[in-house]
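Below you'll find the structure, written out as structure tokens, and then a few comments.
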Amino acid sequence: MGDPALRGAEWDFVGARRRLEAKPKSAGEKLTSLDDAAARVVDGDRVAVGGCLFSRTPLALVREVLRARRRALTLVRNLTCTEGELMMGAGAVERVMTAWMSIGLPWGVSKVMRHYVESGAVALEEWSHLALGLRFRAAAMGVPFVPALTMLGSDLVAVGGMKTVADPYSGETLAAVPALFPDVALLHVHRADRFGNCQIDGYPHMDADIARAAATVLVTTEELMTDDETRRHPDRTVIPGFLVDALVHVPFGAFPHECYGLYEADFDHFGDYTSSIDARGPEAAVADYLARYVYAPSAWDDYLDLFGGERLAKQQNQARELTQ
Amino acid sequence: MGDPALRGAEWDFVGARRRLEAKPKSAGEKLTSLDDAAARVVDGDRVAVGGCLFSRTPLALVREVLRARRRALTLVRNLTCTEGELMMGAGAVERVMTAWMSIGLPWGVSKVMRHYVESGAVALEEWSHLALGLRFRAAAMGVPFVPALTMLGSDLVAVGGMKTVADPYSGETLAAVPALFPDVALLHVHRADRFGNCQIDGYPHMDADIARAAATVLVTTEELMTDDETRRHPDRTVIPGFLVDALVHVPFGAFPHECYGLYEADFDHFGDYTSSIDARGPEAAVADYLARYVYAPSAWDDYLDLFGGERLAKQQNQARELTQ
Amino acid sequence: MTQPFTSAELLAIMGSRVLRDDTTVFAGVGVPLLAAALAQQRHAPNLTMVIEGGIIGPRIKPGRLPISTNEMRAAHRAQMLPGITDTFLFAQRGFLDYGFMGGAQIDQYGNVNTSVLGTDYWKPKVRLPGTGGANDIASLCKEVIILTAHEKRRFVPRVDFVTSPAWLDGGDARRRAGLPFGGVSRVVTTLGVFGFDPQTRRMRLDALHPGVSREQVREHTGFPLLEAPSVAVTEPPSADELAMLRTLDPERRFLG
Amino acid sequence: MTQPFTSAELLAIMGSRVLRDDTTVFAGVGVPLLAAALAQQRHAPNLTMVIEGGIIGPRIKPGRLPISTNEMRAAHRAQMLPGITDTFLFAQRGFLDYGFMGGAQIDQYGNVNTSVLGTDYWKPKVRLPGTGGANDIASLCKEVIILTAHEKRRFVPRVDFVTSPAWLDGGDARRRAGLPFGGVSRVVTTLGVFGFDPQTRRMRLDALHPGVSREQVREHTGFPLLEAPSVAVTEPPSADELAMLRTLDPERRFLG
């Protein structure tokens, strides 16, 4: 399935390292605008999206990538949610690498995913949750693979072309989970300083590994912290500034997905969205959603206005209640 | 060097997993006394010691192991400091696996280490800092090795018998850093609740990996926190209670080594100690130190009294000044 | 069945009884989480729940049950939030005693399909959501328990696609595939409890729920079932179990 | 030498000049840390210091210079504390541009020994402290700079033990050993600055410090040195560099 040379680039640890070696690793200013950040994504990129499912999804960045009408992207995300549906509907992705795709139990199997995958418009390459996590981790470690005990024996092995490796000590056969070096990482965090040092509250998902694995790292942050705040809590920093290429200050940057402790996901919004899909079919419903939520509002604040302050405040209260 | 069967146990991921499978993994009470905790260390054990050099060393636990007159231990620690010298002087260790051993630049090369290693009384097996860290990490991951790009080409490869592995994707040769599953881990942390959930401030060193790698985990904590405190800051927990076997509340449990943010290492004490070694030779000086600081004071509070409250307070102030 | 409980309640209660104290369990959202929470309240106070979103030791809030494994409701009052990869690595290391699973198709060797219906993966008749963490749970936990409605279309001779490996082709196939640990030990369905023959690893009827006949089971199973030498009858959900379970999901979001 | 600066000052200043802006450097305690801090203050404001104890972006406190890479003084006002293993993994991934090293023995291919003197590792004449992170820095950084006093007993034809590999036996030996990246690019000593022939990888005199002769260098080197086509003379430490450096170590703990 697919071009083997292209696939080789996924785990080419030498090439991935040379890319980093050629790049400045600055402790300096990283703050910029959403469109300037998203301009670093080009057609054909392997794009890793941080967070997981509807948690801490970098939706402001995803939206900007869609507004820039990018094409032929490969989306990599462990649990893929509405952002993946929008990317499919917008014609931005040709391949999705994931362990699971839908919104969540109450909304059933994703009809958008079924439509684009069953028709062959998008290839869905499935890896186990741990295996995909280890693909990022191997890349973060700068090695072409890590051994593991998962996925073996299953039909998933053939899907992604995973190989095995013999342990040189015991002789046992283990899964050799290949590294996955993304071209770009899109991440959303709780706090960052202007130099790109990032801190995350609650569950960390895989963002730290993804940041180390990618050639280019774009980050949005709920809160901009001072250099002094970073240095007062250095043990909270999970991504160092020197590997961040662009940082944008975007409160509610994951909405209507959740951000731990700050706002809960807007389940009613998901319900309205899936009702529209049920009523009008995946293509028309997603096209309409894209028109209203992605292409029409040019600024992120305009986008948030579509939800309204009252709804945002309600989701904030619910998050506080659940995490305090 | 050494018994190959014994060495095989270091990286036997199947045996190490069976040990865990056979063990209760309780969410219940872990609080006990120092001597009860240390009684779980038996002669011949591979003992991994948390912290690094003179930082967050579990000295109360090390002292208790020495008071129990354990023998034939293998000490594993990345940077080995006075605790290693005391274990050598007490005749407790026959092998030390480390990347570096001495106290620090101002005190020169460890005369105690030289005495016991050059005479052949103790085998010092040297691994690179990262390789030893990856040995713990491979074990924490439950795999027999992890590939790496370090130690290759050096004479360290032959010392520890490290092998190589061919990447099944690119064909490149990488170091196959073998797992190291300790029998026991001794750790000192900032805060733990009575169920053994542990939180660490400042640099984490390798404690989290060591805890996952070891068959038995013994922890001392500066502060005992409530269940509610754990649950209010779950993103600070680095060791889950279900893998902790024994927990002891020991304020200043790393002294005269440092504990980040709480007290600085007592450099004057190190100076007095090395002066005594210069004057009287390693064997006599360490024997005297053991008599005074390890064997004579039965309780940890008696031990702390040898330093005095004024000195402890001074070290606390210095730590505060450096970390705020 | 005429008992005063739903299928979901039956599964949650039967599932909870499997869990011993002083253990850890990988619990997915819905019935598995309710089974684990019930066990914790009833007979396993020192059980630790682990959720694949990267959550250890949560206290599930009645009325605010999580919809996904990666959200604040799942993390409510947790003791640790180690991240997804590290959470699965706890299982790979051997720290996870139990894992719960379900699936669109289950075969006579306990293998589960949650990926595609149809024979060509790249051109599926029906594309399902995928493994999520199920493959990892099936590969890495010490013991795996399948909780599922018992339907003929679900219990197939051979799954279209092995998403989560149990005993593969039976015998020592699992070991030979490079999976030295774990495996599915029990299948708890709405009709009974099933194990696997220790030699062939074929599915075996171990116990029937009260009022269920062998014939009913065979009728709803798409492959020939082995039978234990003496097929037991399960103890029905007690009033006590039902009451406790119902307080956990007062809105009956998952209890049906 | 009669210049009004110490050997340590000379090494720190020469070391600092190597570091470009917008880069990262693995800095050990003592002279390397001072070199990095000086570069940061003078010409590389966007340089990030990384310390192997697991410390990124510290602000070293004058008068409270760290004694070890794993202590609060080294972590003072740091931006991140990722742990030791993860810090080295940043280097393995390719995030570390520079690494500084020293050593008890250095050979003509730049290999360094900090483990044992004598030919039998298990029965050493002198047991040294060991590699610490030096082997990893030598293996993983994009470019390694050795800072050392220039003494004949130190500059040996072949190190007793290769703790930290540079070019091994020369030629493409490093690549063949499985080290595709990095290598020692420069050796900065109290007498001059040295590089390596791109083909043979033998050490080559590139520049002399002011007032030092080729003969002096040969006299203090235990192996035959190559010479660059035109051997330069280094710019001596400026008053400005010396003043800045001295404010970093007012107690002269490391500046001698």
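We call the chains A, B, C and D, going by the order they appear; numbering starts again at 1 in every chain.
In this text, a contact is a pair of C-beta atoms (placed from the backbone, for glycine too) under 8 Å apart; a residue touches a chain by one contact, two chains touch by 3 or more.
Just so it is clear, the model here is predicted, and its values are computed rather than measured.
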item	value
Centroid distance [mean C-alpha coordinates] between chain D and chain B, Å	29
Mean-CA-position distance for chain C and chain B (Å)	39
Junction residues of chain B - those touching two or more other chains	14, 141-143, 148-149, 164, 172, 174, 202-204, 234-235
Overlap residues in chain D, where contacts from two or more other chains coincide	75, 81-82, 89, 92, 180-181
Topology of the chain contact graph, where touching chains are joined (line, ring, star, complete, other)	other
Set of all touching chain pairs, with the criterion as stated earlier	A-B, A-C, A-D, B-C, B-D
Chain D partner contacts - residues on chain B that touch it in the complex	1, 52-55, 78-79, 98-102, 104-106, 109-110, 113-114, 117-118, 120, 123-124, 126, 128-131, 133-134, 136-137, 148-156, 158-159, 164, 172-175, 202-206, 208-209, 258, 260-261, 264-265, 267, 319, 322-323
Residue numbers on chain C that touch chain B, as the complex places them	21-24, 45-48, 56-57, 59, 75, 77-82, 89-90, 92-95, 97, 142, 180-181
Partner chain B, residues of chain A touching it in the complex	8, 11-14, 141-149, 163-165, 167-170, 172, 174, 176, 178, 201-204, 232, 234-235, 324
Chain A residues within the chain D interface of the complex	14, 16-21, 24-28, 139-143, 193, 195, 197, 212, 230-231, 234-235, 237-238, 240-243
Chain B-facing residues of chain D, complex	29-30, 52-55, 61, 64, 67-73, 75-76, 81-85, 88-89, 92, 115, 121-133, 135-136, 139-140, 161-165, 168, 173-174, 177-181
